[in-house]
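The chains carry the letters A, B and C, assigned in the order they are written, with residues numbered from 1 in each.
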């Protein structure tokens, strides 16, 4: 009973075919509340496609998604998002002509002005962009833009926050800072993190899922993943 | 005339229109296929071809066939060069951004059209047929020149098909159409290719103009309607597909001809336009692809 | 915020003073009355193009929907001005809803082509049903029908004030939208519709609302144009009347409240001047289109906002 209550999202046989390619292949995936889960896999493994299916950006060819106890497979994107899924893109996607403040403000809905303002200042303070609040976001440095995206994800106050390769292109220092932030987030929300940087994965993920050719080939804590021969083969095979 | 012969007559007329229409549409489709841009000024290149044909033929006295042959030779070159120039001066600087390109080609449309009004004048002007033979088809007579138009269009279409499928130039175009970035990585000079294709698309439309002017007269506003029809053809026939374009041109040209003869030209255009809207709405991403934001 | 509202109100006040102080010659007074109604049309266009980022090539459909709804109801059914305006608003809202619903199934270039095609269908239909619409030739709305609250709308002074009233109304709606959370979302959709979707906005619905507001304002402007200047004709449904608002908005500045007015004034006088010199005055439109796409992407107000006055709406 307890276990059932703990799961936030799970999928049943979730699949996606693009003309000819099966990008996601009958995936049964489960994530528990307040977990930090890393989703890894070689390039083209289907990670982005998989999380896009979760939030509805792409329609599944087959299978179901359950979130917070109810079937969301047929809900449009905006309903899934308002039911508590947050998503940040693999590529930077901010409203570059709007200010930092306006960007964050757009991610908060249905709240009174005062409350909204305090959330905005709180999240900007957390990611360290408070001094840039009225700057045009397109003028921020790349690292700051990624932080802004994080702030936007956070301001949504989602139950599940999906981050698609958030550390891509960041410096070591920025990555350290980022790790702290994610740890901090996970106190209040569940995080599903797609990540290529193994150092990040190993140091913050509670559990790791490995995707290869659209299938889950391994799942477990960092030790079991590191010693799994299938995983090693998938990554090595990728290098040849 | 009875219904049967009348229908035959309407079909023949339709076929003439279809022949010219497939040339115009092919030019539009080539430009869209390779460059991924919509050239709203395409109809004006056609019109430009027509008035230059009038010019050439009024310049050459004597046998109208000489003027016609001369026009067939020089008009596509002049029109093609105009298009090359507008690509070089304008479109290339817009980086072929879809929105900016449409706006700019609308600008080019007005400039060419109004330039024609200034130089050519507001009146429609006829061009004599290069040869004046009437074939007796039992129920009615039909101009041999119209058969010549159909025949020439077929020859040109075959030639284009050969170039596209058998030559290195055709290969380059197809590669660019498939994936311009990869093509560039393989050393294809994309901007030159674009420049040439834009000129070529206009030149093909200009050939259509040379062929049609002896039947239809030249007028500075004659570019609008073929543009609309060419859009319809290209959208229904599928972009970048030569066979689809020709098939759709025959369908649209014929039904336009037949419906215009039996009902009214406006009804024919309303129906054809509706057809396009329906196709686009049913296949929202199929034709122009999804533009990335 | 304050400065911004003061700026826009003083622009309206200025237009009011121009008339009340009798600064206009009769000629310019007439021109400006036209410009104001056309600028209201531009405001409508701008809401869809400038704020939401949807480029329509068929807004003449909405303009002429209002124009013909009011014109035909006065001409054939003896409606009075109030009734005909009400009808025009309802019809243009309904048509925008239908067109929006259908056209929004497409995006990007397809959207432009579909809107162009829809407006072509409307144009051709007006020609086809010539027995009702009087086709190309059009019809005149008699002076005796153009009376509103016992004021003669063909009187130049009253006509100017009416035009200013319509423009002010549309402009203030625009300003209010620009400042509202709804407007912020429209801008977000323009900037990056994918991201807006992933923030949980029902992007399609917002776009649909935007088309309805835009189309209805355009239709209202069309209706007022017919009523104030007394003529209804198919040329208002032709492609060029879809290109004009695009051009005004581009010149004045897409996504700025005053842009359409500035653009309309500029183009109106440019065309007016050019048509004295040549019959081929539309060449000006072509040159202007090229100029803005090549050299002045932001437009006049947009450039001012970008460089100096960030607070302008």
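Here is the rule we go by: contacts are C-beta pairs under 8 Å (C-beta built on N, C-alpha and C of every residue); 3 or more make two chains touch, one makes a residue touch a chain.
Small disclaimer: the values here were computed from a predicted structure and weren't measured.
As a test of understanding: of all chains, whose mean C-alpha position lies farthest from that of subunit A?
Of all chains, B has its centre farthest from that of subunit A.
Return the chain label for which the distance between chain Cα mean and whole-protein Cα mean is smallest.
Smallest centre-to-centre distance to the global C-alpha mean: chain C.
In angstrom, rounded to a whole number, how far apart do the mean CA points of subunit B and subunit C lie?
33
Where the centres are mean C-alpha positions, what is the separation of subunit A from subunit C, in Å?
43
Could you give the separation in Å between the centres of subunit A and subunit B, each centre being the mean of its C-alpha atoms?
Taking the average C-alpha coordinate of subunit A and of subunit B, the gap between them is 50 Å.
List, in ascending order, every residue of subunit B touching at least 2 other chains.
none
What are the residues of subunit C that contact at least two other chains?
Where subunit C meets two or more other chains at a single residue, that happens at 192, 194.
In their complex, what parts of subunit C are in touch with subunit A?
Where subunit C meets subunit A, its residues are 184-185, 187-188, 191-192, 194-203.
What does subunit B use to touch subunit C in their complex?
So the residues of subunit B in touch with subunit C come to 38, 90, 93-94, 98-100, 102-104, 106-115, 117-118, 122, 224, 228, 231, 235, 264, 266-267, 269-270, 273-274, 276-277, 280-281, 284-285, 287-291, 293.
Inside the complex, what are the residues of subunit A that reach subunit C?
Residues 55, 57, 76-78, 81-82, 87-89, 93-98, 102, 105-107, 109, 152, 156.
Which residues of subunit C touch subunit B once you look at their complex with the stated criterion?
Touching subunit B from subunit C are residues 55, 57, 102-103, 105-110, 112-114, 117-118, 120-121, 124-125, 127-128, 192-194, 239, 243, 246, 250, 278-283, 285-290, 292-294, 297.
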